[in-house]
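In the two complexes that follow, chain A is the common piece, with chain B as its partner first and chain C second.
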Partner chain A sequence: MRISPDQLVLWAWGPVQLNATIVCTWTVMLVLVLGSHLATRRLSTATRLTRWQNLLEVLVSGMREQIREVSQQDPGKYLPFVGTLFLFIAASNVLAVVPGFTAPTASLSTTTALALCVLVAVPLYGIVERGLGGYLAVYVKPTVFMLPFNILGELSRTLALAVRLYGNVMSGTVIAGILLSLVPFFFPVVLQLLGLLTGLIQAYIFAVLAMVYIASATRTHGGH
Partner chain B sequence: MTIDWLTVGAQALNFLVLVWLLKRFLYGRVVRAMDRREAAIAERIRAADARMVEAEAEARRHREAREGLEAQRERLLKRAREEADDLRRTLDDEVRGELAEARARWRAELEREQAVFLQDVRRQVATHFETLARRALAELADAELEAQMARVLIERLGRLDPERKDDLARRASGEPLLVRSAFELPVAVRRALTAAIHDAVGKEVAVTYERTDELACGLELRAGGQSLGWSLDGHLDALERRLAEGLARVAGGGRGDAHP
Partner chain C sequence: MDNLGLIGAISIVTAGLTIAIGSIAPALGEARAAAQALASIAQQPDEANTLTRTLFVSLAMIESTAIYCFVVAMILIFANPFWNRVLAAAGS
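Now for the complex of A and B:
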């Protein structure tokens, strides 16, 4: 049984391999970008909206509100990063119900890549917001002895982010696969539905946690 | 649980590309559209507020204008009422004056008609009395009215005191004595009367006779403004007075009924 979509290599050229993870990621990207482009081609600024525009605005303003609630700051500069994390993970997990499609988030490589992006984004946002000195000072608070623990905490929470998402999505896929071989038809469908819910929740958790980390790095007072 | 670091790098790159693409095609557009709509709504609210302020100012102006018009209307009404009162008073006075004039005219007319009526009554009474007296005397006493009246005048002449006779003589010295009668005196009567006058006043006195309608069934001797005689005038005057009193009583009662 295949645990990770990384193992399904569709095309290889020397050391460069095009596996299912990347192809599915591109599919998700294509769906998101194409859908966004089609839906935002003719946006109305009047008070009458199309249903698609209304849906998009609800989605975007909902994300902005969530970011504002968590960070207590203007959501403008965090929205592209955190919003894309949520949309990408959610779209990947939802598309997992399509036969033949494997969620890229079921690959530890993908979740690691996302967690690494968060790991990089947190200090970037922190430095932009507070300056290099202000950001680095966070690591020696409350005392300089806390420096190794803070660095360790930074790494461990990145690891936790990656493994939590991977574990949840991968387990859903694997359990569905196992059940499908034991009890066909009805029971796996219920589990798939449950997987949809879990996938959305995981997307939300990942995005909110990323936002919490970024907010803790950019906030002047207090930590997480 | 394997990590393909090449895939990790590719996925990180994919994710960053996706961030850029979504920022371009989704967030930027949607947020801009929402901002523009919010700005448009804010602008409309601001315009509505401005219009509201303008409308309130306009309403205030209208209210003030209406109050001004109301006040002006009240003033005009008051003036018109005063003018109407004045006019009514003037008309009342005029009507009262006209009524008083009409009443005076009516009263004058009434009095004139009354006078005419009394005159008429007096004349008819005198005529009838004369006719009656003449007939009664002729039928009952076989006597003529003229002769009887001349006799009475002759008797009175005879009974005149000497001063009065002298006075008559003095008055008759310049002009003839005038004997006036309501009817034509027969010649015999004239002759008798002339003789009686000559006996009383003197033979040199000239006597003339005249018939007049002024006397009501009577006979009068007139000399220099003084007269001696007998006629129904006194009785007729008394009768006329009583009739006038009776008419006044009737008129007064009638007025009383008309104006309680």
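Now for the complex of A and C:
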């Protein structure tokens, strides 16, 4: 049994290999880009909206609201990064019910890449917001002895982000595969439904955690 | 028992133990967190939004311990490096 779509090579030409992860990632990107392009082609401010514009407005304003509540700051700066993370993970987890499509988030390489993006984005936002010195001062916050623990914490939470998303999505597909060979008909369908729910929750949690990490690096005034 | 059988048996037993023991603590922790959050929502229904969001995030953090155990168990069963190495050594 495959526990990662990396091992499923669809097309190989010499050393160049296209595995299922890459193909599915590009499919998700294509769906997202084409969908938002088609939906934003005819934006209107009239009272009658197209239904796609309505959907996008609900999504974007919902994400802005969540970011504002989590970070207690203006969401404008964070929306592109955090919103993209959420949309990508949510789209790939939901598309997992399409036959033949394996969620790219079920591969440890995709989730590691996403977690590395967060690892890089946290100091970037922190330095832009508070300056280099102000950001580095966070690491020696209670005393200077906490420096190694703060750095370790930064790395381990990146690992935790990656493994959490990977484990949740992978467990869904693997358990569905095991159950298919034991009780073929009804039970896997129920588990797929549960997988849709956990997929969306994991996307939400990934985005909220990324936002919490960024907010803790950018918060300028006391308390935390 | 030869090496391959030994590795297989130990891997299977360890995978079972990993997920069995490793799911106890997160289960207790999640139950406690959920019960506390429900009590808080009952006391302050107005704050239900914030409480629910915090509950979800903390549940995910607690749950990740169980997920690590699950990943380790899956690796032991389906992608065991020692098993593959012994197979490769036997084949060559």
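Quick notes on this structure:
Everything below uses one rule, namely that the second predicted complex is superposed on the first by the 215 of 224 C-alpha atoms of A that agree within 3 Å, B and C clash if a C-alpha of one lies under 4 Å from a C-alpha of the other, contacts with A are read in each partner's own complex, and residues count from 1 in each chain.
We adopt the following convention: contacts are C-beta pairs under 8 Å (C-beta built on N, C-alpha and C of every residue); 3 or more make two chains touch, one makes a residue touch a chain.
Just so it is clear, the model here is predicted, and its values are computed rather than measured.
Following the overlay on chain A, a side-by-side fit with no clash is recorded for the pair chain B and chain C. Look at A:Glu69: by the touch rule set out above, it reaches chain C but stays clear of chain B. By the touch criterion stated above, A:Val31 is placed in contact with neither chain B nor chain C.
When both complexes are overlaid on chain A, the residue A:Pro80 reaches chain B alone and has no touch with chain C.
A count of residues in chain A touched by chain B and by chain C gives the higher number to B.
Once chain A of one complex is fitted onto chain A of the other, the partner contacts of A:Leu180 are absent, as it touches neither chain B nor chain C.
Of the two partner chains placed by the overlay, only chain C lies in contact with A:Gln202; chain B stays clear of it.
Of the two partner chains placed by superposition, only chain C is touched by A:Arg164; chain B is not.
Once the two complexes are laid over each other on the shared chain, residue contacts for A:Thr45 go to chain B alone; chain C is not touched.
Once the two complexes are laid over each other on the shared chain, residue contacts for A:Pro104 go to chain B alone; chain C is not touched. Nearest C-alpha atoms belonging to chain B and chain C sit 6 Å apart in the superposition, given in whole angstrom.
In the superposition on chain A, the residues of chain A contacted by chain B and by chain C overlap at 3, 166.
Residues 49-50, 53, 56-57, 60, 63-64, 67-68, 70-71, 74-75, 78-79 of chain C are the ones touching chain A in the complex.
Taken together, the chain A residues at the contact with chain B in this complex read 3-4, 6-7, 15-17, 19, 21-22, 25-26, 29, 32-33, 36-37, 40, 43-47, 53, 56-57, 60-61, 64, 76, 79-81, 83-85, 87-88, 104, 107-110, 112-114, 116-117, 166.
Against chain C, in their complex, chain A makes its touches with residues 1, 3, 66, 69-70, 160, 163-164, 166-168, 170-171, 174, 201-202, 204-205, 208-209, 212.
Across the complex, chain B meets chain A through its residues 1-12, 14-23, 25-27, 29-34, 36-37, 40-41.
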